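Down below are the structures I want you to see.
Shared chain: chain A. Partners: chain B in the first complex, chain C in the second.
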Partner chain A sequence: MKRKFLPYAYLSPTLALLAALTIVPIVTVFLYSLVDNVIINQNPPVFVGLDNYAEVLTNRKFRGALSNTFYFAIVSVIAHFIIGLSFALLLNTRLIGNKTKALFRVIYILPWVFTASIIAILWRLLLNPHGVINFVLFELGITQEKLEWLSDRDLALNAVTFINIWAGYPFYMVSFLAGLQGIPDDLYEAGRVDGGNSWQLFRFITLPQLKPIIISLALLDFIWTIHQFTLIWMTTGGGPMRSTEVLSTYTYKAAFSSHEYSIASTLAMIILAICTFVGVFYVRNQRMADE
Partner chain B sequence: MVGSRAHIRRAKILTWVALLLGAGFAGLPVLWMVASSFKSNLEIFAYPPALIDDSFSFEAYLAVLGDPAQLRFFFNSYLVAIFVTICTVVTSILAGYSFSRYDFRFKRVFTLLIIGVQSVPPITLMIPYFGLIVWLGLYNSYAALVLTYMVFTLSYAIIMMTGYFNTLPRDLDEAVMIDGGGSFVTLWRILVPISLPGIVSVGVYTFMLAWNEFLFALTLTRTNDMRTVPIGIHLLMGQHSFEWNQMMALSVLGSLPVLILFLLFQRYFIAGMSAGSIKG
Partner chain C sequence: MKRYLLAVLMILLLVAAGAASAEDVTLEFQQWWEPELPEGSFRAILDEFEAANPGIKVETISGPYLTTKDQIIASAATGTMADVVGLDGAWVNVLWKQGALASLSQAMMDADYDDSELAAQIRLAGQTYMIPIANFIYPVFVNLDMLAEAGIEPPTTRAEFAAAAIALTDPDNNVYGWAQPLSLEQPNGIQNDTMSWLWASGGSMLDEMGQPHLAGNEALSDTLEFLKSLHDAGVVAPGSFSMKENEKVEEFVNERVAMIVNTLAHFTLIRERNPDLNFDITALPAAEGYDGPRGLPYASWGIGISSNTEHQAEAWKLIDFLTSVEGNSKLTSIANAFPGNVNATPDFITTDPLFETAFEIFQEGYLANEFTGLPAAEELMRQMAEPFQFYLEGDIEVDELLELAQAEWEDIFE
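This part shows the complex of A and B:
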């Protein structure tokens, strides 16, 4: 009888924390999204049903933030994948000694060590109109003028996306390195015996073997990038003219700048819905890898 | 294979070129951060830019380390990150043990719940947390940060810990059980000591996540004496007219704990990550 309850007893601290700090808050934020006059307001709350959702979804600012978020996330995920896999392949080559590879591995992982606010401030220094990147581009004759990377409406979104690419690829690289080392050598030998060239070996052995990792990483990264806040908040704050406004900065402003908590809660639920949608595929993929 | 020597030579040169280009992409920004932290603020945007110039000094570091307000950021970050790490490691050992060694009715549901928590955006929880933490009387306290950080550290930690326990044979704990040891004894006397590599990687990863957290630290604390390093950098940016050299010095100092942990434990860490959170 006692044994039956043991697994639950071991899980109880976890379950208590998750119930109090994820399930209850999600229910709360959902209820907020159905009501007007919540939190800081003199008037009593009024139930408005889905009115807040209608208001948000028809708002031009929201659609701008939504398309910026997807652009930011999709470009980041693709670039992370390409850079992460290329670096992992480079570090997995037999042409270079192990000590050299270990050194390069540490250098390649460096961006991962820095927290988002530090990455933001570093790139604000590098991308400053008088900064070193403009100097190099100008000297190489690539640009004719000093570009305002983070305060030009046409450049800012690509600039923050680039910063996010720099910040995020090492996670892919590390996971791919572990994955590459798990591919049995026999597969490549068999491929070579069959006369495959290096591209074919990559296309028909490496890629399929890495597929489960690729799917996990891409889904998880997509979710993370969708709710990336710090990097954008500290580089552009969503500006100029909302050109880098993403769903998370928009939500934060709705809550803490304009104190529209009902609208902010509605936005929070929409972000949750997007992440949950992607999350379902992630959980499925994880389970398939488990079984 | 005719001419394969020349072929290998060419491949080697190409690999080296690619390696160096990659190193420039990854490393030059970091090098510039370190170099800028040794400059005077006047020389930060000097034309033409130099990696090291006449203004080389430790002044920015002395300014950061001599400022009690900035040292406090470090104290807060260490305190919160260490508490989060201890609480997360203990809780995840218990949960991982349950998932790895027992079959029970709601196992599947709970597993899904824990994997699913990873996809909950912090920004969704931010608004209710604000109300909840104020209601609990924890606004602007360390406890508020420790509790909320654990929501995000715990799911990774449990997945990694369960993965690690799963690699250990069940015979081990069954032998102890037969000798009359309870399950709790088995866990702490047998499993925990041999799981040290897994526990270390969980701990290091948790510390990194806690050290880096920004959103909850921004919204759940108010006074400067409760701020952590990432928020401290944010505050420096808003206050005086951009002391770039000091911000870079604070960034270097703020990154050292994670860098050192990473370099010391990278072997455990990468192995733990591939065994746990990401399965292939």
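This part shows the complex of A and C:
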């Protein structure tokens, strides 16, 4: 009997932490999402079932935020992949010396060193109508007017997506670089003996070898990007005209501006459901890699 | 024998120390003011209070404005709010709904306090929950050198303001007549730079019952049409839809914008950032034909008491001190603010000509900030800012904007 419970006793500290830090908050937020209002309401909360979910899912602003979130996340993930892989290939080449490589590694990884708030402030200054970007574009004759990058509804979502791409590609780059360095040279030599050109070596050796890393990174990045709040909040606040409203900013406003904590909890549960859906693929992919 | 005496002495000392500490009351006072004041000056005022009230100690919990707001609202939800709290009018309603604030009307009654000296009280359901003790009005700051170069006087009416803004705008040199921050992250541009124009002409965004009166409000639609005309004329600094208050001030400091609606609290900041800037202040221009008193937008440092405090009488003593003629004069002197006690006189009024002008504007007008005490005030501003942006882009007409905002506001008021 003692032996039967011993493993659970060893696990209990971890289980207790997991319960306190993850399960209890999730269950609490889920229960909040099923009542009419909480926290700031002195009256006892009234159970409303799935009414909050119906209200949120039929809301036009929510659908706009959801669409912006997917655009922001998908474009970010694709661009992170392309830029991260390109830079990793450049840094993995034998054509440049080790010192030059080290220098470029430092330069390329810089965006990842900054916190989201620093990145937001930096890009707000750069993208200011009187900022450096507009000055350069104007001097090069690319534009004749002061582009309002963060204030124009046609530009703002792409502008914040670009900032997120800039901030996130180094993680891909570092991971791909580690992956590239782990591919045995024998494979490339065999490929060359078979008459493969550079593109074919990349297509049939490099990409398949990096596949597990690519899938893991893309899934994790998708989840992280869906969570992105600080960058968008500090650059546009979800505006102009809701053009950069994403699920995280929409949830924040519901909680801390409207003080509708039940609706905010409902939104949080929807975000959790989306992330869990993606997370299932991640776990399945990891399991397949292990096997 | 000696050992017994020593033991008795130690017990007596412990009892005496215990009795002394039992008499001492320590009040927690959470606010964002201390970091905004010259170092040590706020503590000095509290030291005076402690000296005048033996047995009461004040422990300050200080932080930036936004952090303080989040902490106060979170601590109200958990019933752990500090005994005395600094309040912004925009937070009062949500704290009141949580039952986190004690009625100051009751505290005043218990202390037999005469409230006739108070400039304002924020009431909800007939009870006072916040007393503004320092007020920062929002006049128009004008760059005198730029005005002199254009050969114009500081504007007093909307038409004069529009004409001045056009004359001062020079896009080739990145200079604009006015700036209107409409960021959705900090939507206070709706309060300070939009509704202020309505209040300056005696208008209101609420009806007699204190409910939203946006749709069909002629004075408001006139105001918004006037502001759109400034945007259409290209005299408003670009980037308006993501601009924040601090960026507006920076544009003025760097002489890229000639006129801004701005708080007096930024006087020192502007002088520090650009000591050569030659600027003055003037009352917000009114609509043509309006000659009544001008409503002055303002922000306050308000004060309130937690409903959970065990030291309500002591907490009231602190408020009494900070709203007294002497205490309020000292606080508002170091804060460059106008007093919450009508008889208090901050010293800067007599030493700084700009503040003298500001005090005249203050005396000729009346404090007007209709967002104070409203439910989810920040969200109301945001719900106005969003359709206002659509209106400025020409997507909707002014009537549609007001109907959209009215519907959103009514939802929040419910």
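Criterion: the second predicted complex is superposed on the first by the 276 of 291 C-alpha atoms of A that agree within 3 Å, B and C clash if a C-alpha of one lies under 4 Å from a C-alpha of the other, contacts with A are read in each partner's own complex, and residues count from 1 in each chain.
Please note the rule applied: contacts are C-beta pairs under 8 Å (C-beta built on N, C-alpha and C of every residue); 3 or more make two chains touch, one makes a residue touch a chain.
Model, not experiment: these values are computed from the prediction.
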Inset, instruction - Have a look at where A:234 lands relative to chain B and chain C in the superposition and call it first, second, both or neither. - result: both
Inset, instruction - Identify the partner contact of A:114: answer first if only chain B is touched, second if only chain C is, both if each is, neither if none is. - result: first
Inset, instruction - Report for A:32: first if it touches chain B alone, second if chain C alone, otherwise both or neither. - result: first
Inset, instruction - Examine A:93 and indicate which partner it touches, taking first as chain B and second as chain C; both and neither are also allowed. - result: first
Legend entry - Partner chain in contact with A:256 - chain B first, chain C second, else both or neither: both
Inset, instruction - For A:130, select first, second, both or neither according to whether it touches chain B, chain C, the two together, or no partner. - result: both
Legend entry - Touching partner for A:265 - first (chain B), second (chain C), both, neither: first
Inset, instruction - Kindly classify A:80 by the partners it touches after superposition: chain B alone (first), chain C alone (second), both, or neither? - result: neither
Legend entry - Contact breadth on chain A, by residue count: chain C or chain B: B
Inset, instruction - For chain A, give the residues common to its interface with chain B and its interface with chain C. - result: 39, 128, 130, 234, 256
Legend entry - Residues of chain C defined as touching chain A within the complex: 70, 73, 77, 94, 97-99, 174, 182-187, 237-243, 256, 376, 378-379, 382, 385-386, 389-390, 393, 395, 412
Inset, instruction - Would you tell me which residues of chain A are touching chain C in their complex? - result: 39-42, 124, 128-130, 146, 148, 150-153, 156, 233-242, 253, 256-259
Legend entry - Complex contacts: residues of chain A adjacent to chain B: 4, 6-8, 10-11, 13-15, 17-18, 21-22, 24-26, 28-29, 32, 39, 86-87, 90, 93, 95-96, 104, 106-111, 113-118, 121-123, 125-126, 128, 130-132, 135, 166, 170, 174-175, 177-179, 182, 210, 212-213, 216-217, 220, 223, 226-227, 229-230, 234, 247-248, 251-252, 255-256, 261, 264-265, 268-269, 271-272, 275-276, 278-279, 282-283, 286, 289-290
Legend entry - Contact set on chain B toward chain A in their complex: 8, 11-12, 15-16, 18-19, 22-23, 25-27, 29-30, 32-33, 36, 44-45, 47-49, 91-92, 94-95, 97-99, 102-104, 107, 110, 112-132, 147-148, 150-151, 154, 158, 183, 211-212, 214-215, 219, 229-231, 233-234, 237, 244, 247-248, 251, 254-255, 258-259, 262-263, 266, 270-271, 273-274, 278-280
